[in-house]
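Heads up, the next two complexes both have chain A, just with different partners, chain B and then chain C.
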Partner chain A sequence: MVEILLNGQKYEARAGETILEVAQRMGIDIPTLCHHPSVKPTGSCRVCLVEFSVRGGSKKLTSSCTYVVEPNMSVETHSERVLKHRRTVLELLQARVPDSPELKKMAKENDVRLDPRFPVMKEDCILCGLCVRVCDEVVGAKAIELNDRGTKLTVGGPFMESPEDCIGCGACVYVCPVNCIKMEQTAETRKIVKWDRELPMRKCETCGYPFMPNFQVLRFKKWADMPGEFFKVCPDCRK
Partner chain B sequence: MEKATTPQALLGIIENHEKARDPKAVRVSVCGGTGCKASGATPLIEAFRSEIATRKLDIEVISTGCHGFCERGPLVVLHPSGVFYQKVKPKDVGEILDKTLAKGEIIPRLQYRDENRQVYEKEKDVPFYKHQERIVFAMNGHIDPTRLDHYLSMGGYRALAKVLSTRTPEEVIDEVIRSGLRGRGGAGFPAGVKWKYTRAAAGTPKYVICNADEGDPGAFMDRSILEGNPHLVLEGMIIGAFAIGSTEGYVYVRNEYPLAIENLQLAISQARELGILGENILGTGFSFDVKINRGGGAFVCGEATALVNSIEGKRGMPRTRPPRLAEKGLYGKPTNINNVETWANVPYIINRGVEWFTSIGTGDVSKNPWGGSKGTKIFSLVGKVNNTGLVEVPMGISLRKIVFDIGGGIKDSKKGRTFKAVQTGGPSGGCIPAQYLDHPVDFDELSKLGSMMGSGGMIVMDDHTCMVEVARYFVDFLKEESCGKCTPCREGLRRMSEILNRMVRGEGRHEDLELLEDLGSLMENASVCGLGESAANPVLSTIKYFKSEYEHHIESGLCDGRQCIDLIRYHISDACTGCTICAKKCPTGAITGENKQLHKLDQAKCVRCGVCYDACNFNAVSILSGAEIREKLGE
Partner chain C sequence: MIEQYNVYAAKLLPPEELFAPGHKACQGCAPALALRYLLKALGPNTIIANATGCMEIISSAYPDISWGVPWIHVAFENAAAVASGIESGIKILQRKGKLAPGKINVVAIGGDGGTFDIGLQALSGMLERGHNALYLCYDNEAYMNTGIQRSSGTPYGASTTTSPAGKAVPGQKTIKKDLLEIGAAHGIAYAATACTSYPFDFMDKVKKAFSYDGAKLIHILAPCPTGWRTNPGEVIKHGRLAVHTGIFPLYEVDHGRYKMSLDLPFLKPIKSYLSVQGRYRHLSEAQIAVIETNLKARYEKLQALCRITAEV
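Let's look at the complex of A and B:
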């Protein structure tokens, strides 16, 4: 156990826990965008900024999703300095992605001005990279990547072409914090719009429901060494 | 080369080479560094060799590493006399052999002359060298980097023999801590302390890495050390690996440094032959080997955590810290990264002792390794100075000494150019104004001024430099080179660039200064890595010291440096004698006028290239900006 001071209150943290995990457990609300419990944190969006000092040393800002608690640590999650910089981060993201309801809601909750002081761009993605990490660490498909760098950074398939390794599972659609990865599905195909990836669907031999892209079946058979029979019926009929 | 099997045997080999070196022998040192090769050193070296062979003379021609004074290349130094020739061509070779080497006659045409036409005969007297203190660069002008015997004859690998026969790893670490050696890559973290952390961290193997991903535009000190004296860097790394308990090393060097890679590769294979790299080095049970990893030319990969990701084959994006690399670095194992120049200092500290090293530099490091800056630092001195090149100076030297004594002062000072600022620390360094010229240069003093040591870039700017344009230039560079991972750096630089590009076009707004400061503060405080944290320096330091220039751009469209082409107009005054030179040189035909008549400049055709301004011998062309444009041109 590690004892830390969180907003002036003493808390018992588990060794190896991040500041964000402790705060969430204690019901302290720190906004996050690029964070997801099922993947390793990278601290890229910087919305979860907190101010901390160890043993009364100098106060620094850090991303609470990446920083593992230390003994004698004091953390402020909503100090003036934190709020000021968190607002600027959100203002910058708002100026980049002006039409996201999720981002607007977060901006409002954090008292961010809704008219950014910067020229508004027409992007839909905040480049947090969560989709890339989920595709890599959870799905294992490693189909999408960050491309280029600096202000030219984009996310998509290798060389920004349609990703050939995308199995159309939709995990990226599910985790995107600003909901910019859309999925369109018919009885015949499923399309991940952002990646321009369209895959024919497999229908359940029992009920006829198009439950999984064919390509996903091929990959699952390979990864999990499963018999082909297993994928002939949908999970519901399999029960 | 025979293989050494014990530290004593290595010492014996070194002593034999030292004895074999005759300091009185006649030698011709020709700089074979990248800079001099670009200005024609390779055919020059060949010319010396073939002419000496034809004449059957007993003179050794050494193709050395970089001497630092690249703008005067190809450079030739004749030993033992120390006669210094610059801009030497293959056709000069015969004359040098006939006159200088045979009779001791000097060839005035090849001598160095300073801006006051003062002539200097010997290398050590040339002001560019005279005020330097060359430790890391000491051997560069004397040895052929491809020859291990040359390095050994100068006492090379003595420090390694000493360490392996008389020191424990802990003693080595203690010595490096007490020496106060701080990281030359920029952050100035005490090297010995880092070694101690890495040694103490759990996990094997432990890695040591040499960071040679020098990315600052105009900086080339790491390249010059690696190509000019690769064994010195290797010796430092082997000693470091022994102290840390590391078995594997990497040199991460940018692919744009082919000569450095070639010389280093050769040095590594020579070191393996000598028995100081590989399994069971000198029979001590200590094993260590080094691999070269070529970088793809991303500026951000010089950042230690991005560098580690790059070696692992991942995107060159920084990781958040903690954990420190000393705990979880390359492949999750304890890793120690030091810069080329840091490693190159280590053998000297071991050979000449802590007392000697701490006698150079500032502060007191006896109780606290952060207590000062010890030893020398190599700067890449460029910009509007008379002498540009690599200079190695003791820590604590004043900016004035570097710029005026070594650099020979401001270029075109006779035409009225004066010092305005010096930017230290590369693209993300800050600009220091004239009132701090007598300030000592060390890690802590530079950061107090809002700049940094960085890797040692030093760009001198004169009064014809616009500080807003300087900030715009560096922000645009960093915008391209940011990895794009974190919001403050990526979006902050994007917005800074938008604002500054507007400002230099004369479209600045009153709220812009506050915006720039807000963004700068966010980047400094909340970025993931050092690149983002320091990227606002060029903007914040120019706002701090040259705020009026920003205000002039915003309020009256006045560019103080007369550099922003949208805010200036060239104008021909009554002082024009009608010599027609400007009209002849103008690339767009904007200037018209008869011989001996006042010339006229058509603003609609003028592209503001400044050729007329440079060409005019009568100071008749002036550069107008701000209110002057309205007054004189009525625009």
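Let's look at the complex of A and C:
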């Protein structure tokens, strides 16, 4: 157990917990974009900034999702300095992705100024890399990745081509904090628009209903060591 | 568009359980699943007013309780009225500065009996006054808690203890009341149907409902293996069949705009849904034909409504 001061109040944190985890457990609202409890934190969006000092030392800013609590730590989640920097981060994100309702809502909650000071880029992705981490750690497909570096950073399949390992599970679609990954499905194909990946659907042999992409079946046969007959019919027709 | 999250997205749900396991529900209870998904979508900042019914009984048998959020058991008829009161109370306390500002989700929960029959007046009041609260009706299509008596949510032909199938009477004689149309007719911000077999769709709808101010209504079909006389291990399958056969279409009414949640390539034959349930086993071909005509007419009407309101 580690005792920390969170906004002037004493809390007991478990050893190895991050500041964000303690705050969320105690009901203190810190905005996040790239954080998800199922994957390892990277602290790439910088929205969850907090101010901390250890043993009354100098105050520093850090991303709360990556910083593990220390003894005698004092954390401020909503101080003037934190709010100022958080507003700047949100302003920059807004300049990059101006049309996202999620970002707009977050900006409104944090009193971000409406006229952008920075050149507007009209992108749709904030490059937080959450989809990449989910595809790697949760799905295990490792189909997409962050390509290039610095200002040229992009997200997509290797060499920015359609990812051949993508099974079309939709985990990236579900997890994206700004909803920029879209999925289109018809009776014949399922398409993940952002990755430009189109997968033909498998139809149930009994009822004819398209229930999963063919490529997913191939992968599951390999990963789960299942007999091929299992995937010939949809879950509703399986005996 | 909602069946796609069928494999890995489930691992990305919040791990904490605010509706604790160990409650007294029957095996394969889908309404209990609905509550679990509801609280996963809303988080701990929620207050619930729960009308008498299965979910109230099974979750609060003295001295245990399953709820990890503030929860009030209210009488059969006034869950919506109590939720309205909670919402108004929060508003006043926050205005006076006695309660910290912030969003608190208020939910009223009722079964189909507590919503279609007994609580309809209070529900109508809540929707009409526009309280910022959600009414969740979990619909297992009869009064299951007291021993499967018919309600106005029981579909045509179903055999219950008060509409038993025999030589003279072939089960329930009336068609199911269309609750969502009643709710949407109040001109509320958001109304939607959901099904426990589509958890992501349901959770998205709950989140979407709370992104709007004003009253909202969600009607979730939750198969009850005890009352439907089905195999408790197959409730998810039966919920999915209800959607695929078109007997319970998933759609939403967002500020008057109808939208289908799931674009079905075709409707499966209704027999695949009816034949697996003991409550329908007496049905004759003529009755199945009646059910089929009714559901096709309703499905086409919904599709037409979607087309018309999309342009408005």
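The rule we apply is simple: the second predicted complex is superposed on the first by the 226 of 239 C-alpha atoms of A that agree within 3 Å, B and C clash if a C-alpha of one lies under 4 Å from a C-alpha of the other, contacts with A are read in each partner's own complex, and residues count from 1 in each chain.
Methods note: a residue touches a chain if its C-beta (ideal position, glycine included) is under 8 Å from a C-beta of that chain, and two chains touch if they have at least 3 such contacts.
Here the structure is a predicted model, which is why all the values come from computation and not from measurement.
Partners chain B and chain C, once the complexes are superposed on chain A, both fit on it without clashing. When the two structures are aligned on the shared chain, A:127 is found in touch with chain B, with no touch to chain C. By the touch criterion stated above, A:212 is placed in contact with chain C alone, chain B being left untouched. Judged by the touch definition given at the top, the superposed model places A:151 against chain B, while chain C stays out of reach. In the superposition on chain A, A:173 makes contact with chain C only, while chain B stays out of contact range. In the superposition on chain A, no contact is made by A:69 with either chain B or chain C. Here chain B and chain C sit at a least CA-CA distance of 23 Å once the structures share a frame through chain A. When the two complexes are superposed on chain A, none of the residues of chain A touches both chain B and chain C. Chain contact summary for the complex, chain A toward chain B: residues 41-47, 49, 61-63, 66-68, 81, 85, 88-89, 92-93, 95-96, 117-119, 126-127, 129, 145-146, 148-153. On chain A, the positions that touch chain C within their shared complex are 27, 29, 36-38, 134, 138-139, 167-171, 173-175, 183, 185-187, 190, 207-212, 216, 235-236.
Residues of chain C touching chain A in their complex: 1, 3-9, 11-12, 14-15, 44-45, 102, 200, 237, 240-241, 244, 263, 265-266, 268, 272. Residues of chain B touching chain A in their complex: 298, 300, 315, 317, 319-320, 322-323, 479-488, 490-495, 497-498, 511, 515, 518-519, 521-522, 525-528.
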